[in-house]
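This is the structure I want to talk about, given as structure tokens.
Going by the order they are written in, the chains are A, B, C and D; count residues from 1 in each one.
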Amino acid sequence: MPLSPEQQAEIDAQRGAPQSTLRTTAPGMEKHLYTAYPVLDHGFVRVIDYMGDDAAICQAARVSYGKGTKSVSNDAGLIRYLMRHWHSTPFEMCEIKLHVKLPVFVARQWIRHRTANVNEYSARYSILDREFYIPAPDHLAAQSTTNNQGRGEALQGEEAQRVLRLLQEDSMRAYDHYEEMISQEGQQGLARELARMNLPANVYTQWYWKVDLHNLLHFLRLRADHHAQYEIRVYAEELCKIVADWVPAAYGAFEDYRMGGATLSAKGLDCIRRMLKGEEVTQETSGMSKGEWREFQELLG
Amino acid sequence: MPLSPEQQAEIDAQRGAPQSTLRTTAPGMEKHLYTAYPVLDHGFVRVIDYMGDDAAICQAARVSYGKGTKSVSNDAGLIRYLMRHWHSTPFEMCEIKLHVKLPVFVARQWIRHRTANVNEYSARYSILDREFYIPAPDHLAAQSTTNNQGRGEALQGEEAQRVLRLLQEDSMRAYDHYEEMISQEGQQGLARELARMNLPANVYTQWYWKVDLHNLLHFLRLRADHHAQYEIRVYAEELCKIVADWVPAAYGAFEDYRMGGATLSAKGLDCIRRMLKGEEVTQETSGMSKGEWREFQELLG
Amino acid sequence: MPLSPEQQAEIDAQRGAPQSTLRTTAPGMEKHLYTAYPVLDHGFVRVIDYMGDDAAICQAARVSYGKGTKSVSNDAGLIRYLMRHWHSTPFEMCEIKLHVKLPVFVARQWIRHRTANVNEYSARYSILDREFYIPAPDHLAAQSTTNNQGRGEALQGEEAQRVLRLLQEDSMRAYDHYEEMISQEGQQGLARELARMNLPANVYTQWYWKVDLHNLLHFLRLRADHHAQYEIRVYAEELCKIVADWVPAAYGAFEDYRMGGATLSAKGLDCIRRMLKGEEVTQETSGMSKGEWREFQELLG
Amino acid sequence: MPLSPEQQAEIDAQRGAPQSTLRTTAPGMEKHLYTAYPVLDHGFVRVIDYMGDDAAICQAARVSYGKGTKSVSNDAGLIRYLMRHWHSTPFEMCEIKLHVKLPVFVARQWIRHRTANVNEYSARYSILDREFYIPAPDHLAAQSTTNNQGRGEALQGEEAQRVLRLLQEDSMRAYDHYEEMISQEGQQGLARELARMNLPANVYTQWYWKVDLHNLLHFLRLRADHHAQYEIRVYAEELCKIVADWVPAAYGAFEDYRMGGATLSAKGLDCIRRMLKGEEVTQETSGMSKGEWREFQELLG
């Protein structure tokens, strides 16, 4: 992710100009502001702005006149209670705005989370950069043989090299032709809104993305999960670190109740009760399908 | 709107503790933070937090690395362009969080704007205060005789006095009985979630309400309009003043293109073209219904 | 819930006029159409329209050209898989439109579910009916002594009678005064939009409410839960019966994975693993707070 | 848009099986159901299901017990009133579900309309078809010289041929390599979720898209507008024809008040008033910028 000197200078200028405010600030977040954290080969995430902190969640839950916090430990307890009982609205009272650079095929997954605000770099209006995601060799995974929607081990040897070469060559050629088509040297030049159609889905785009904490945590639960596609998961993991510094109590509750927790079906709950009473339960006596039973077994470790 | 000394002290504590931040601040907004601006007889609005300013709108529209502003006049021109061409997403990049105290019947209109976040004071959990909206005499309007959904002139004399007395007495009696029902002196006490049903719709409630600038402007267009019910319009008008200080360029464009502007139908546009060519157009030759024609005439002053 | 003869005739007219359509129909749902199922003392729910069925969920999940169903058992398996893995979008492909009559304090809870469409009877424009919710004696619950947000046993004897009398008398008096204020006999009459403020929160309103199946199930999970306030829970329970007939496979999966299931925290999951290995786990060794441990114990029966 | 015989057979099977329903049907819509209307070279739109009709809009606006319609002309007048005064919720009471096949770069514009439900064909799970959008020669437009975000005249001669050749060759090569990478003949085969990144943005995808009438009309206003990119506009235009048959009164009002109408700024309104009084207004005396004045002049024809 090579930022140009001009881009870095713009970022540095913002980081060098603290201002006075009466608003709530989150000290753990201030240190992240504007910094571009690299993700994949050319991508990044950086925080542009934020609103609220752990105390703001409690302040809203209590509809209070002041800062709304008696003590940090009280707040953490309330936040855990809210998370455990699926109260979503207090978490919506925190907001974050990000600048993200990401491959188009990742952007297409990301945008399915609709409750957010987004401004994307316009390829109708502007010219895209020559930047394409090429997987690192250890992430060049084979199709999973057991899961149609997953990946297996990394490709090896000649096959891996052939794939890398195809991705690289096709990306470069597509960009050459993109440039050739829009060029106005000695010709009219194709409209940008049309020429972009020649670029493959590993080309990088970028956007401003703004979302409240409740919806961000929902995004992270799905996208930082180990079933998520690697290329979006690395963005989610980077965001997890930032959120942990921003709202440590909320993030702690999220880790315990969402990321590290599990949802049991009525059947699963019944099986556990029977098992705790000493009964030996099998797939046949569980009432579950084979797939469910396998997932249930994994859950119990 | 009498704040208790404790409430005022909590607000003062927040106003007295500026902090350092790297985030964008809007100087015109800082001065409003936390202050409770009175609305109606016991209500208020106050800003709890905000995100972004005029420059942040442009920064997002340009998906820029730095502050995203070349000059204030460039930004104002871009903002006018965005507003004129119904670009909504850059305006969504600003966010505001309010604490509002308002009568329940106003809250019920307000909540119909769904794209916002809200935490309301819980009357299942807490006891409501003895505060009811009683209209000032000059806002005690008669039913409109021409518009089923509107109001006419203020009631006068004995009728006005009778109405005021009924509203006051019923409010007080309902609250007396509310207290009597939930009292645990010498009895069990009715559940709060049930007792609240005895309170009329002029009782005050309060909430935290968070919304992005695009949706706030949409709210203001509808609720600061002179067709809106007076009791919600005064809240909208108070908010207009705050928004004008927060994002002066965006608010200026909003005034020109939304509040002060008008939407013409194809028929209306056709009539204007004909009139500008010197044709005398009447309702009969306009193709409009009587109602539309009347509104069209009002538009042309 | 006494429908007037005119209202019943309108409903009967619709029920008596089947039409031919190429759309998917859900036989279990057709029988419910338009029928007003009574809820509480004057309320009801009735289905006005619906879109989709179990097969439509699978059809969308498969983005198929035809009906999208190989066999009913395949469909049920796919639906269980989708529900188990929190796929929400296929369930959004079914939609339901309801006409609901409900007390205002219930409506205020209901409307907090924002992802839905609603048209409410306008008390600015029309005159509300003299209908108020008065709890049946066995639902006249005391405030819970253990849970600030709950209710305890039903009030008894004199206290119960006093409460009932207050609710009834205040409702009737409020309505008398409402009528008196808007009356245009020998006076101007107060604007309806103002007069309504005198009516207590147990007055009935009504609305059209349209929602997709995913969001409806989320509503039902929260509102048919035994922690929900009784007065909204009875609406949710009535809807559960209707949904079970409409999309039996989806409703079955919902019962198993949502209503009858449970969410374990990382700590809870760890405790279960330890318990299954024979360890005796106590609150002290669980890492849970007392409240969490109590809820965890309840979960394990 | 060549449907396979199997696909066509599935569609025919649905079209050949009318069922009886008590729901509202829209005769103008029934004839469109399931039929795939071609758009661009391989795309289509087809209606999978719908809910409501013109009368349903009025029924909801009136919160009525029966069909909610006195007469067709009354309904049309009410619908015009609702549209003119920006009442959106009654239009949300109609819903449509579409199956759309479209190039990825069109899908990326389309999805920015967030208030809708969507299930897209999964290229993580399934293999995409060898179908790419190649513009017809008369739509191979040059970059606009006056508008950064637009297109000019169609390219001519050799330049046009070169562009077409590049688009065709790159598409075919990319697909060859996509197939080569995922092939499991004599190798492991790259994961589908990775291989798809090699495909350019003119590859076709497909999705189920469900939206309410209010949001659909908003989509059509922006996307059927002559400023919209041609490749999405043709979809919007096809949908306009369908909506006109589905809800003729609502579509008529939409044409008059939205598509054919215009929004005037306060300045524009002031200019018109002055012009109608005989004043000669110029850009200098209008208070408008050059860009606004040009747009204003175009408006007045």
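Operating definition for what follows: a residue touches a chain if its C-beta (ideal position, glycine included) is under 8 Å from a C-beta of that chain, and two chains touch if they have at least 3 such contacts.
Computed from a predicted structure; not experimentally measured.
Peer 1: Rounding to the nearest 5 degrees, give the angle of the rotation that lays the CA atoms of chain B over those of chain D.
Peer 2: Here the rotation carrying chain B onto chain D measures out at 180 degrees.
Peer 1: Where chain A and chain C touch, do the two copies share over half of their residue numbers, giving same, or under half, giving different?
Peer 2: same
Peer 1: For the interface formed by A-D, which of the candidate pairs A-C, B-D or B-C is equivalent, sharing more than half of the contact pairs by residue number?
Peer 2: So the equivalent interface, with over half the same contact pairs, is B-C.
Peer 1: Where the CA atoms of chain A average out and where those of chain C average out, how many Å apart are those spots?
Peer 2: 33
Peer 1: In whole angstrom, how far does the Cα centroid of chain C sit from the Cα centroid of chain D?
Peer 2: Between these chains, centre-to-centre, one finds 35 Å.
Peer 1: Spell out, as numbers or ranges, the residues of chain C touching 2 or more other chains.
Peer 2: 89, 112, 118
Peer 1: Which residues of chain A touch chain B once you look at their complex with the stated criterion?
Peer 2: Those residues of chain A that touch chain B are 3, 6-7, 9-11, 13-15, 17-25, 30, 33-34, 48-52, 56, 59-61, 63-67, 89-90, 92-93, 95, 97, 99, 117-121, 206-208, 210, 212.
Peer 1: Could you pull out which chain D residues touch chain A in their complex?
Peer 2: 103-105, 108, 111-112, 114-115, 118, 122, 124-125, 133, 135, 140-144, 148-152, 155, 159, 163, 166-167, 170, 173-174, 177, 180-182, 184, 187-194, 196-202, 229
Peer 1: Spell out the part of chain B that touches chain D in their complex, as residue ranges.
Peer 2: Touching chain D: residues 77, 80-81, 84, 86, 89, 112, 222, 255-257, 259-269, 272-273, 275-276, 289, 291-292, 295, 299-301 of chain B.
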